[in-house]
């Protein structure tokens, strides 16, 4: 808070004169059960500009977005669209006014096909569905996006990246004046991000105003024209890109300075805890071979859909491998179910926190102890609630989970805190092998640094850690070695000296780096 | 912050207020209402449904449904009667009836937990099928003449004015409350009812727990069927037909979410008391079963509707204030 | 990916698998029962399935939106009885007017369900479990134990179910069956080609998404209940026409037969997928089993046990067939998606 | 059971004979305050409503200041509902309950409790099979007689050459229907019915729709079926309608027990040339008189007691020959309706 004065806003939002704003927000405030989610926020958005919103989770970005898209109504304040005062009562109304949003969780209808998902909210397509035309148009839009998807296939079973592509296709298929993108890159790999940015720039050229929310600092500085920072429901600053620096932005966001992505000192020992030879699952991935040592962090890099998550699922027993061998601490083993994986000391922290990781309506306590509940029973088989609570409290202080109480339902927590609960849940099983799938997706900068610190600490305790991440800087900063996959195949294992953005991407794109042979030999 | 908890508490408060109101109205309306004999009667008349409602609560919290319970009750009663008529001593006949319940439960569980069919479809087939098997045993006959001790079991008080069925209900109530709210199994039932995928990823043996649920449900239904036979002293093929809807109504009135993961036994206990007192009061006021049915149907809708409408009204009011 | 795999989805083939099961059942019973392959057998099954099919079409729409309507049996009984009473006292009533009244009564009862579910935010199971009792209760109380009897009805109504719309040789295609078919075809096309009808699928498939992108959820769910009520009303009229004698118990328990037809017909009970044609085939499969088992000479007392088992097997084999098909399709899809970056990768 | 039925026929003649006077015919005193409950099998079908009318008529005649409660369960909850009503009536301390029992012996425990509390339990239309918990059964007709009448109607419709026929009953658990069917089977052993071939018994659960489809299924299954005998008022109309719709009325006839007002058209067009029934109004009337007489102490529930039942004349309590135990008041007679007399009765 005290930092406010040192980093005073460089621009008063009203002073920025880029012609007439298309969207203007004046003094908007919103309160939820005692929390001031937004406090007197004013913001102007101009045609043909990309305006980034930064802030930790809970800073008020999502609330602002939901107010603009008509999901919530503001308690105070006004919204002007092209100079006219409007009341946006529903998402449908927002769409009629030319305001569309892409959310961080793709909102597709699994039973509808891709084309229909793209056009479902179009109100101008008449009351009869012209399937042939719809398929053609959908194909055209996806081709423009450079995405090869069968427009006739149902959305069920599409990968997150594919789902996000459909979301983007959906937004650009409408004649939008204002496009809101709430962390659209969270599940995209570097290559796909570039593809998306090309598209965003196209839209910008066409005069669309884009409100862009992301936790990836480098992306924001690559694409945004203006950067607005939120903290605790207030607008802290709005700056042009040229006048902003990442350090300053982060300081505004968290109210303190944070070192970003400093490489972790290695703690790896020459003591393989997990040895995988020629592992495969029919039709999904094959030929995966590596050793994981105690105290080592092994990064899994590659494009989305390269099979990294599938290897994790196979090791944990969710979708068991069909070929190859796995040895834990030198002993060959077979894993057929998560339960067996857990017994072997393997923990898998899912990328899909909300669907597969946590049970949202249940309390922090219940979530933390769920996989290890057998350790919390008294001799009558009843749950020792006091011990349970103590355990949850200890994780709360150890991982700095911010919550009024450990009895709170996990659904009420922010993304970063949910991620910490998820980590606690698996740390509580005392794993010797920890598989982290996208551990910082949807996690704000402050929490992200905390999660990285936790990973480093766990490694130093001797746990072997696999980090699957599409955030390449993160993989490079955390990992002792990086395993690169492509199309279900292992392309290379690069050690720290070899691993760089370029070498990893080259391998992920299918061109073997010169030194890959040595990498595979490991 | 503790919105869910508060809502649950509100639900039970609602049920409790309702119960007190009904009891007050009943005692004003009928001078026969406030007597021990009548209270025993009002329990006794629906005791088998109340017993099955306990396991139905667990099944629905686990995100599933068991429509076959009433048919399993009938099946168990028919198995007991048929084996008794064919010379088995009554205790053996009762054991066979309970075993029939377990077999029915295992059959449900196999299709639901291991083949992965929706429980609605499987137990709907069970509703038809188990009743059919009951018919095979008894055809158009009625079998009675059970040993005196067996009839006494259903009809005579054993503790104070309470019959065995009522005592069993209270024991099972405590047992299942402990299971649901204090044991690992209960925690896991809530987990799979809330998010079955996340539970599976947490190493919860979903198949095993679903098997437990359906076997428990069918076993308790079989027990209730046997107790029903003991109370009526005679068994026919149509025993307990149509009870499933009454049982599910009680569970839903108890604040259990049909989508799983939400609700508790205290709420269901109160809901059972509400229904029993309401039915009894209306019965004493000479209101027929048909009218009773729709009053309870209306109450079920109203009990969920009222808080929602109240919330809407409050929101509108609050909005004006600002 | 073959042409077939690209143009036909497993969900569409599901109907074929049901049809296959029906054909298997017919051959099975045909080989056991003398004189089974007659038009009379067809007529029996067709007329017994007609009423359930019409109601099941409505139920399908409701189930697609991730709801359920357990009050259909009571709505059918309610309309059958009151339209019957009306026609009995006004024999000269215009037939189309009578049908319209039946549909309106049903729709009105559906409105009650729809309002309570959509705007009252009461779960559909709770609402319709309640109205199941309420509608029936009101009917019994209002009826005064009277029964609608055939001889009080005008001749056109009595002749209606026997009306032969399309005589093909000795094969009778009767009016009620044709009516059911027309309803199925209309609604099948409607759910594929009408924009608003696609929302039934969208809402059941992902309610949260539907909410966030601003689909008019409340009115869509409301509409599903109203249509279901209206079709139940029509079903009530068909019941009146077919059976002539209507007691206050008419249609009792029909909700279970209808839900069974819908579930066997492959409509996902958790919403989002399934077709009205599937529901019709589900009704036809159950109808075929019911009618044929009796003809087989299975004792009255064995009938339900066998029927329960067969329904279970039908659901299971349908699920397994679909699972296999899905696996086949997914494998083909996977290649396509995995193949995608390759195309992009070749032009660095 | 069967043996019992045979001897029952003999007893029936005795019972039908005019009451011989070895005891005093009791006259019931009107105007006493006797709270009574009339309990049908379930609400919603005409016969029970007619019985209610008869009972109300009797109540008026007897100037009973306590209103008659006509309470019934719903059909799908008949057993549990009847037990509940009996139990509640006992709690309320009514003086008499008149039950058309749909619950077989399952109602006996509740009825016994009622008796123990001083409630008179009179059954009508359908008795408690074991007679446990029952004071007396007001029988509409002698049950073995019904069996014989059904056999006679079948013979008269099918002619001396006989043929195949099937029974369409109510539910498999309906004890009076079961008793009548058993009585009919017993009667059929008589050589004069040798040509009558009973091929099947099916159940329509007293639902119009189920009964209709069952009737259709019967003619499919037995192409040479010539008669459907339906001893239930719901089943007989549904079966007649089904055969008429099938245009099979020339080949297959319908008979059984039915209400003239509902059967009129089918009897006149020959679909159902003969059927039988007793008066449910009279049955309700007599049941009320019997219960009132017992509750006021005018008579005791024992063999030989006699009383005057208003417009219907004198009746006596006798042993019920169709059951192992139990007493009955036999109403009788019933009417066989044909096209000659059905029209008058339908009004």
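Letters A, B, C and D mark the chains in the order given here, with residues in each chain numbered from 1 onward.
Throughout what follows, a contact is a pair of C-beta atoms (placed from the backbone, for glycine too) under 8 Å apart; a residue touches a chain by one contact, two chains touch by 3 or more.
All values reported here derive from a predicted model rather than from experimental measurement.
Farthest from chain A, judged by the mean position of CA atoms in each chain, is D.
For the pair chain C and chain D, the distance between C-alpha centroids works out to 39 Å. With centres defined as mean CA coordinates, chain D is found 36 Å away from chain B. In whole angstrom, the spacing between the mean C-alpha positions of chain A and chain B is 44. The geometric centre of chain B is 29 Å away from that of chain C, both derived from CA atoms. Among the residues of chain B, those touching two or more other chains are numbered 135, 139-140, 237, 290, 293. Each of the following residues of chain D touches two or more other chains: 43-44, 74, 76, 172, 201, 203. Across the assembly, chain A contributes no residue in contact with two or more other chains.
Chains touching one another form the pairs A-B, A-C, B-C, B-D, C-D. Against chain D, the residues of chain B that register as touching in their complex are 30, 32, 35, 37-38, 41, 45-46, 135, 139-140, 142, 144, 151, 154-155, 231-234, 236-239, 241-242, 279-280, 283-284, 286, 288-290, 293. Only residues 116, 120-123, 125-127, 129-134, 136-138, 140-141, 256, 259-260, 263-264, 269-270, 301-309, 311-312, 315-316, 319-320 of chain C touch chain B when the two sit together in their complex.
If you check the complex, the residues on chain A that touch chain B are 33, 75, 318, 337-339, 341-342, 348, 350, 355-362, 366, 370-371, 373-374, 376-377, 381-383, 404-405, 407-409, 412, 425.
Contact residues of chain D toward chain B in the complex are 43-44, 69, 71-74, 76-77, 79-81, 83-85, 87-88, 91-93, 103-109, 129-130, 171-173, 175, 178, 201, 203. Every residue of chain C that touches chain D in the complex is listed here, in rising order: 35, 40-41, 44, 48, 136, 140, 143-147, 149-151, 161-162, 239, 242-253, 291, 294-295, 297, 300-301.
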